[in-house]
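Both complexes below contain subunit A, partnered by subunit B and then by subunit C.
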Partner chain A sequence: MSASAAPFVESMRAAALPASGIGWLDAARHEAMQAFLSAGLPDTRNELWKYTALRALEQRGYSARDESASTRMIDEGTFALPDIEGTRLVFVNGVFRADLSRLDDLPQGLSVQPLSRALVENPEPLRFLLSRHATEPRDSFASLNAALASDGVLVRVAPAAQIEAPLRIVHLGAQAEAAIACHARNFVELGEGACLRLIEHYAALGEHAHFTNIACEYVLQKSARIDLLALQDSAVGAALFRRSDFHLHEDAQLELHALELGGALARHELRIALDGDRSRAQTRGAFALRGRQHVDTELLIEHHGRDTASDSLWRGVADGRARGVFHGAITVHPGADGADAQLSNKNLLLSEGAEIDTRPALEIHADEVKAAHGATIGQLDEHALFYLRSRGLPAETARILLVRAFCAVALSGVEPQALREHCDALLLAHLPRENAQ
Partner chain B sequence: MAIERTDLQQLLNRRYSAGFVTDIETDTLPPGLNEDVIHALSARKREPEWMTQWRLEAYRHWLTMTPPAWAKLNIAPIDFQAISYYAAPKQAPKSLAEVDPKLLETYDKLGVPLHERARLAGVAVDAVFDSVSVGTTFRKELAEAGVIFCSMSEAIREHPEIVRQYLGSVVPQRDNFFAALNSAVFSDGSFVFIPKGVRCPMELSTYFRINAGHTGQFERTLIVAEEGASVSYLEGCTAPMRDENQLHAAVVELVALERANIKYSTVQNWYPGDEQGRGGIYNFVTKRGDCRGDDSRISWTQVETGSAITWKYPSCILRGDRSVGEFNSVALTHHRQQADTGTKMIHIGRDTRSKIVSKGISAGRGQNTYRGLVKIEKSAANARNHTQCDSLLIGKKCGAHTFPYMEVKNPSAIVEHEATTSKISDEQLFYCRSRGLDEENAVSMIVDGFCKQVFRELPMEFAVEAKKLLEVSLEGAIG
Partner chain C sequence: MLKIDNLHVRVAGREILKGLSLQVNAGEVHAIMGPNGAGKSTLGNVLAGRGGYEVTQGSVAYGGRDLLQLEPEARAAAGVFLAFQYPVEIPGVNNTYFLRAALNAQRKARGEAELDSREFLQLVREKLKGMQLPPELMNRAVNEGFSGGEKKRNEIFQMAVLEPKLAILDETDSGLDIDALKQVAEGVNALRDPKRAFILITHYQRLLDYIVPDFVHVLADGRVVESGGAHLAQELEAHGYAWVRERKPAEAAA
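Let's look at the complex of A and B:
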């Protein structure tokens, strides 16, 4: 923890806290910065960071902002998704770009605003969200985010509003003169019975090694439903830390698809709290890694309400010298009777230098519970390969076909079909090319 | 139903049947731990200088360590200075005939077959009463086969070259807090040496007893199987009722050379504390087996029903090519017992295999945790592991937790883990009851079925004992 002299911490300390002119906000930011400075970066003795060492990150310094972020020429094609039009917010190197975003013609019941604008126009309703210790327990990155995030997205869906067209939040990392640190904080709240489709897209334009730290909080009121696709295709050199907190009230439903493809060091911490009775979460995810990538997914599901259900299916593929980390922890708290928790994590290890560390954990404090998890690490089935080759497929094609099939389960349910196919193609582009014997 | 309730209540309140204290004068060191105590302990046991130094090294390192806090256990801080580190029966008996009749009576109550019964059962018993071995049977028969089976203190005096070679080679003095403490103050334990090519003619067994109050018992067991040797070792224990928490920190080291086979079975039934969680044994054990040679095999089987706190991870280091590690466990926690137990399988050699079967049962306010690591090193081509981890919950206030870790660095390895948690369903109970079984019997039958896979791995006499133990331990869990 004696990281005070580390370049990373120094560069964060040097970054001026965003001044809002709002007393309580400045105070909260100052406090969060102090919390970060006294805690430093987590080390591997912390169970949640056991397989992700931050020594390399610690040695890097980042520029506090990209001065020309708001003027860079951006080709919209870099973050286009097929058949996905409509409302979107685009951030380039952490800065909101109104010119690239589309916020006119919002459907009835949907309110979307960049956080920076909301803070200028009417900060008071945000006081509760921003000054309390929203993301508890707060780790170093959450503190850092609370201190330095000056922008983000504020989404509110009115009770009973059914938002059919997907809303997109795009974080684009663009090549810049130096490595930049970006922080963003998102809030998404769905009113009672509301329904929203959301796509979080992390895209890259050119090579860069930026540090991005994003904290998202989702609140689903009674009977609300969210479909979320988190598509992470950052630059090869990027460091990306994300934390998503979900709070589900009675009968609320979360359906999540996550695809982790890019980044040199990418970590996504998902904390799903099934607070209300009969709330349900379904998560699907996959990572496909190569080179020296290190991708860490922490999936922490907490069952609090009665008759809650969670169902998680995650797949991982690691090639080259990549390292994939998965931690799926399910906690059924006292009183959460009738909980049904399922988790499956399967991984393919494709090369000598790659490593996969997986940790499915169950913590059960209630009776009347059905809980099961399974995890495997292995390689492609030789018999399946042989079968395909005997049907005339070249070795490489056969392999790719099998790996795609292996990951397909994580993408099933992504709508529309064109988007699912696009995700599949992205995954394919990340698969090993020449692994044939 | 009302009548049944009272019956259950009685059963529930039944005192621990093996709970009694044999009243024998013991030669005990005053409580506390420092270098003088270690010197005194070593001198009393007439140990050679190297052993004393070895203990001191461990002690000095122990001073720099802190008790591990990562386990899911709620432990009141332990005052290591309040414990007496040596207790031995005063008269050292020269033969069985000289053994204090009171001691023999104790074994009788526990059903340890020391004389004829031992022979009938075909078991050689090296009974450990507190800290010093008092009677060892079947020495001759074993000696003819070339097997050395004696107490650790005897081994240090009579076979120093073997002990020196292997002691601490699997669990080093500095391994962990409790292993370091054990290395510094271990009182006694068993030593088994099976020479090249010998299949041990009988199953070896040690019964442990913790007797004098305030005495921590620090057993140290070392089993070495040379090339092609094989042995099956049984460890079982009960302890008398005590109000203070008694500390137990044992170390067990197994060494299997080429083609050797070691099977280590444990039935642990130490005093678990009363319904309120008062008293009970603190059990911090480091057990580790080293498959040093190619084609060697180490198998751990344990039935853990006792102790207030169990912290125990029998592990296998699969160093030799094609070596095999196994771990079969049933752990039961009732009332306020806490168990954090599991295994580590470290695959280093090629074509190594390991299998883990863990069954956890929680009742009352018991907390039962499986914690396991399967690690496949880069060199372990074609390594294979399968882990199965099931938990059964009986009651609303208990907890069952599973924390498996899988680290794989070789692409030709296959590692699989599956875990389930469930309760005894009302349908199952109803079915049994409609067939005329009462609730208690129905539960016992379901639990027995749940554990069968592990019981199958136990030697016959142990399997019977284990089944009985579970029944007794679960009395009053339903109702």
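Let's look at the complex of A and C:
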């Protein structure tokens, strides 16, 4: 079949990692690669990929690594965030950069390690994490990630530890001689009653068209709480595939803010499993797209425990010929009685050529469930626009003000204020100016 | 200041204004009365520059310029202000932020220095005096969750801050109780000035007990069918709009 000869698949096959000397790891990687090669890339017949065709990606080949990744000069300003200091791990084109990272003076109870280092120093505890997926049916990108990710982050928060200062994981895509494929695998585990703030930051240095594939897994033990900001501001030419899996035990809490700004083709699949009774997830997110960007967010929430709650507010804005996809699917499984599931997704089209597809889906198989689910697609309110202009605001200023206001709910709750304002400014920088009249 | 000459306006393919003429000089207060659907709001909207109105004939000169050629924001900067019949709720846009941005945009367009937040807050405090607008409304989103009366008073408050040259109030009195009506009237009277003109669009004579106009015009079927002094409002109140139509049958039918 032609798919097997596709440049993308070929370049991934050629990128197979050299033997690590760890038998179980090499076997798991091999198995995962076989799984990817036999499945190929998903096509639009797959429900989860209905609006995101990968034909163009399939025709591209990527270099397996950036040979200069560990030596490139990087200005720290490219990934600076206001009022955010402290512990961070920085990856440049997929390669861990100790020189840019800050891992000294870790607060008590926080353990952070690059995966590559852990695999060298003490691989055995990772055996379960890294090999179990090979036998499960997984999606193609997850298989690819399992086969090719040689780095990533391991985070552990000790029971009851309250980590106030945010931990930052930075993936910087830097301009290189060729388009690079980068894979990273992150594991974050919070012990019982632990608390962590985490920022995942995807930033760009120069123009590039790298392919990045990130798999993150979060496990929140009983009563743990994570506050996560996922800030995606990749290069406009980048292809970025992320999958984030969250497992919440009893009384655990997730508070998520996601901002999707960059990428020619970006996809984020969020799978939130509310396993434990009374676990709760609050998600907020926005995308602002222009040009020919294609950005797809899949938010899949599974209520398993009793009296679990999910509350999701997402906003989308598309201009130019951009295409936004939002799929918000909530499943309340048998036994998840007393669940409360709220999802609202509102979208704005700023131009004729832009398109947004939103697919809300709600399945309830339990009793005493409170659920509300809504999605809209509209244009800027002409009445509001005229009102603002009639008071003297130029058309462009008025438009931008309305779009920012529209997205504001997705950013509310981002702390500290300077960080929220920074996110707002990034959003602003992504808003169109050219179609102001 | 404002000279409207034989203005014809179409909305959604239908002619709404059919040869309206009106002259307003600085310092004057004009009341425009007329039955529902006469075209009063259409006039206000056309003057403020709302889209969707097609001027098929006639002209509007404002301060010697062709008003109809200006974008809404340019009209605002030139001193035109419309208090909306239905003020718009704008979730997520802070009232104070919006008003300062608007004032500064106007000042910038006129080549004046912008106000910093301290200067602006001082101005707001001063203008809020006597307005009986709960100060906490200033920190809410524009008009969001405001009562009908609060929305109308917010329009008057914006007018006080923006200090327009030509203020058009579109039924700012409707839906107000007597106290709110008096406050709106006080707000307008406080701004009366030899350099400023008002067009008060109203359905009822009630407002004109508190703001005494220099001229009253009756707008019916897209035209000014009768003009007079403040007393005309009382006659209208006594006899109703039909009275005007009966007195001007020839013109109204033309």
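By our rule, the second predicted complex is superposed on the first by the 429 of 437 C-alpha atoms of A that agree within 3 Å, B and C clash if a C-alpha of one lies under 4 Å from a C-alpha of the other, contacts with A are read in each partner's own complex, and residues count from 1 in each chain.
The criterion applied here is as follows: a residue touches a chain if its C-beta (ideal position, glycine included) is under 8 Å from a C-beta of that chain, and two chains touch if they have at least 3 such contacts.
Bear in mind the structure is a predicted one, so any value in this text is a computation, not a measurement.
Asker: Once the shared chain is lined up, is A:382 touching subunit B (first), subunit C (second), both, or neither of them?
Answerer: second
Asker: Quick check on the superposed pair: does A:394 touch subunit B, subunit C, both, or neither? Answer first, second, both or neither.
Answerer: After superposition on chain A, A:394 lies in contact with subunit C alone.
Asker: Subunit A residues in contact: does subunit B have more, or subunit C?
Answerer: It is B that touches the greater number of subunit A residues.
Asker: Quick check for you: in the superposed arrangement, does A:178 touch first (subunit B), second (subunit C), both or neither?
Answerer: neither
Asker: When the two structures are overlaid on chain A, which partner does A:363 contact: first (subunit B), second (subunit C), both, or neither?
Answerer: Only subunit B; A:363 stays clear of subunit C.
Asker: Look at A:402 in the shared chain and tell me whether it touches subunit B only, subunit C only, both, or neither; answer first, second, both or neither.
Answerer: The second partner, subunit C, only.
Asker: Which holds for A:371: it touches subunit B only (first), subunit C only (second), both, or neither?
Answerer: Once the two structures are laid over each other on A, A:371 reaches subunit B alone.
Asker: Just which bits of subunit A does subunit B share with subunit C as contact spots?
Answerer: In subunit A, nothing is touched by subunit B and also by subunit C.
Asker: What residues on subunit A touch subunit B, complex-wise?
Answerer: That would be residues 47, 51, 334, 347, 349-352, 354-379 of subunit A.
Asker: Can you list the residues on subunit A that touch subunit C in the complex?
Answerer: Where subunit A meets subunit C, its residues are 381-384, 386-395, 397-398, 401-402, 404-406, 408-409.
Asker: Residues of subunit B touching subunit A in their complex?
Answerer: On the subunit B side, the touching residues are 70, 72, 376, 378, 391, 393, 395-423.
Asker: In the complex formed with subunit A, which residues of subunit C make contact?
Answerer: Per the stated touch rule, the residues are 48-51, 71-73, 75-77, 81-82, 84, 87-88, 90-93, 98-99, 101-103, 105-106, 109, 141-142, 158, 162.
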